[in-house]
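Inspection log for the structure reproduced underneath, given as structure tokens.
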Amino acid sequence: MDVLLDNLDLYGPGFLNTVELFLISAVGSLVLGTLLAMLRVAPVPMLRATGTAYVTLIRNTPLTLVFFFFTFAFPLLEIVTPASFGSAAAYYRNAALAALILYTAAFVCEVVRSGINTVPVGQAEASRALGLTFGQMLASVVLPQAGRAVVPPMMSTMIALLKNTTIAAGFSVFQAGSISLNLSDRGESQLIGLLWIALFFVVLVTPMTLLQRSLEKRWSIAR
Amino acid sequence: MSAVLFDVPGPRARIRHRLYAVIGTAAVVGVIGFVVYRFWVTGQFSAEKWSWPQYEFVQLQLLSALGNTLRAFAFGALFALLFGAIFAAGQLSDHKIIRVPSMLIVELFRAIPLVVMIFMFHYGLSLGAPVYSVVVALTLYNGSVLAEVFRAGVLSLPRGQSEAAYAVGMRKSQVMRLVLLPQAVRAMLPAIISQLVVLLKDSALGFLITYEELLNEAQRIGRAFEFGRPLVPVTIVVGAIYIAMCLLLTWLATYLEKRNRRDKKVIELEKKPAEDVIAAAV
Amino acid sequence: MRVRTLAVALLAGGLALTACGKEGSPTDPGTAPSQQVESNVTVDGSATFEKMKGRGKVIVGVKEDQPGLGYKDPTTGKFTGFDIEIAKLVAAKLGFNSDQIEYKAIASQGREQALINGDVDYYVGTYTINAKRKDQVGFAGPYFTAGQDLLVKKDDNSITGPDTLKGKKVCSVTGSTPIQKVKTDGLTEPENIVELQNYSQCVTQLEQGAVDAVTTDDAILKGYASQDPSKFKVVGKPFSNEPYGIGLPKDDKALRDKVNDILDAAIKGGDWQSVYDATLGKSGSTAEKPVLDRY
């Protein structure tokens, strides 16, 4: 308990930064991932290929490498210069956000796409036969059904995203993952310090997992 | 593939689609062109920055780093599969005293970020050489996910399988070992392989505790003054190596699945739980 | 099928590449004095020394990314620098020639653990002697005294010392003594402190303009500056005292005394000076001879 209370100045901002990183990259990756999914189900082969290429490349690259690229290599291309950010923290945080969003979007895209694919073709054909427009079909027939298949795996993806924010520890972004590295300077026990961090994640992740399980169960019966 | 959303296009839709294709192509070519242009302008294609792959010593170092990545992957995968099988059986046990702790352990290791686990073993418990911490952490995390996958696989088998096994006089452990797990593994093969791809990628986290794996070698080459600090070229090359390795694994999965489908011994499951799991494997 | 062809092509390409590998280095590492190897050395009661003898070679922990001190040439894998030469000198006086030394690159975070585990026999790599570390490992020396300084871009005249860092982005290694000093003395704002895994990463960030200054011991910074003098310079106002020691297993007092004797002889004789002149001294700077701190 002492390790936590004596170092609240590390733990407080660390946990807050983790939550903030998570929320921003969650919104970002959901938006980008959905756009990518639209590409992947588009009726134009060219657009589909673009979406597929992106997903294949990103899904097979380690997130640590994506972080490495954005922190160390990307500035060399001089598209955005690090000096244009007000503080050092702002630059490294944006690099981390870019890595998390671009990486997670590929997984969000796959979840959305496989969700849409679970809707039987007959459903769409029937709605077209009834004379529904494309928008009406999406809004009242396909999406409500796809949503049930999308939400549980999407929650897994988001849980993974939350945990992945800790990789930023190696890339000068202060968050829960980097608390322990700072603790050792203060001569505190790293093990106990890390156990508190682990507990923090268990407390955040467990309710999400339980909710995911219950949704999965409830909706699998309804189908 | 996208037959759900769209009807067969008519003549006007076809023209519209062609227009989209042109716009899409232009956009993609534009983005790629811009990036290549930036590469060119900032000298990323210069001979100096690409001189490093020619040196024999660099090649040998890269090979040994690749070997270390594969070593962490091989041990991690082996132990994770074992851990998964044991804890899947534990979760399905009839005895509460085994079932509850198994479930708790699996949930616990799924909830803790891999980075925190690796730090815990390396800095907290001082396991020694970084490779141990990496392998143990990869085992615990991926093993827990695999335990869930195996469990889902066993639960998705028809009840007749275990009933028939009991009817011929098998013991509980025999039913699990000889009848249920082998079939569950086959049914869940795509999910298992995609988790192994995750494991392979996560071995790159060893970078954070200076394990001499591929990414660590990339930063070592990338910072070398002698080659003009080729950070961009080296990221591209190492990224390509990772992508190639993961694609090979995925290709193996599709190959095995195809072979499986031809095999009559595999039971067609009513619902395919595999797809959700694959999509969610991050 | 296409994937298989691709794999085969990649493999073949890789093999072809290996077959025609270039050797040698584009830079000249320079020549360092060779040490005379002692024979029939005994260190009574030293477990570490017995281990070295039984093995027939020494395993020395060093740094690999600090030009001028401990640097591994990326093209040949050869180690050069002041720390390396000191390691060779100690090995020679213990009866091992330079072919009997195996270097192991170990980063700052792993030093104590490597000595505790016995992965290395001794460690020579910008290892500052302090009380906290003495709880875990033993130190012979100091064999050099460095001080914390700043590395900046060549054309940057706004940073002239530790008091001018306010509003500047400062980079150092996570958990290192220099970054601790920046934090406790409040030399810059917390949001402008950048913590990375090693100094080379900091230097690449300085080159890209992501940070304004890299801070650590002047000896390390001088190495980077002399590698690339058209881009970087050292401010030259050291603001701390960092005595470098040779890290040894904590309880091996016999070996510690022996290594101290070796250093003493080298400092009093001419060996220390000639090693310095052949490595760090090439930049033109001079150094005071250190005073041993036996315990």
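First chain written, first letter: the chains are A, B and C, and each begins at residue 1.
By our rule, a residue touches a chain if its C-beta (ideal position, glycine included) is under 8 Å from a C-beta of that chain, and two chains touch if they have at least 3 such contacts.
Because the structure is a prediction, the values reported are computed rather than measured.
Asker: Which of the two pairs, B-C or A-C, is linked by more C-beta contacts?
Answerer: B-C
Asker: Taking each chain's centre as the mean of its CA atoms, which one is most distant from subunit B?
Answerer: Following the centroid criterion, the farthest chain would be C.
Asker: Roughly how far is subunit A from subunit B, going centre to centre by Cα mean, in whole Å?
Answerer: Roughly 17 Å, centre to centre.
Asker: Measure off the straight-line distance from the CA centroid of subunit B to the CA centroid of subunit C, and report it in whole Å.
Answerer: Centre-to-centre distance between subunit B and subunit C: 37 Å.
Asker: How big is the gap, in whole Å, between where the Cα atoms of subunit A centre and where those of subunit C centre?
Answerer: So the centroids are 40 Å from each other.
Asker: Find every residue in subunit B that makes contact with two or more other chains and list them.
Answerer: Counting only residues that touch two or more other chains, subunit B contributes 208, 219, 222, 231, 247.
Asker: Please output the residue numbers of subunit C that touch at least 2 other chains, ranges allowed.
Answerer: In subunit C, residues 197, 201, 204 touch at least two other chains, as defined above.
Asker: Quick check: what residues of subunit A touch more than one other chain, meaning two or more?
Answerer: As it turns out, subunit A has residues touching two or more other chains at 72, 76, 170, 181, 184.
Asker: Could you please specify the touching residues of subunit B with respect to subunit C in the complex?
Answerer: On the subunit B side, the touching residues are 51-59, 61, 63, 126, 128-130, 208-210, 219-227, 229, 231, 244, 247-248, 251.
Asker: Applying the document's contact rule, which stretches of subunit B touch subunit A when the two form their complex?
Answerer: 1-7, 9, 13, 17, 20-21, 24-25, 28, 35, 38-39, 41-42, 44, 107-108, 110-117, 119-120, 123-125, 197, 201-205, 207-208, 215, 218-219, 222, 231-232, 235, 238-239, 242-243, 246-247, 250, 275-280, 282
Asker: Along subunit A, where are the residues that touch subunit B in the complex?
Answerer: Touch residues, subunit A against subunit B: 41-48, 50, 56-57, 59-65, 68-69, 72-73, 76-79, 104, 107, 110-111, 113-114, 116-117, 119-121, 123-124, 128, 134, 137-138, 142, 149, 152-154, 156-157, 160-161, 163-167, 169-170, 176-177, 180-181, 184, 189-191, 193-195, 197-198, 201-202, 205-206, 209.
Asker: Could you please specify the touching residues of subunit C with respect to subunit B in the complex?
Answerer: Touch residues, subunit C against subunit B: 3-4, 6-7, 10, 17-18, 20-23, 25-27, 64-65, 67, 73-77, 107, 109-110, 113, 116-117, 119, 197, 200-201, 203-204, 207, 227-228.
Asker: Show me the residue ranges of subunit C that touch subunit A in the complex, using the header's touch definition.
Answerer: Residue positions touching the partner: 132, 169-171, 174-175, 180, 189-197, 201, 204-205, 208-211.
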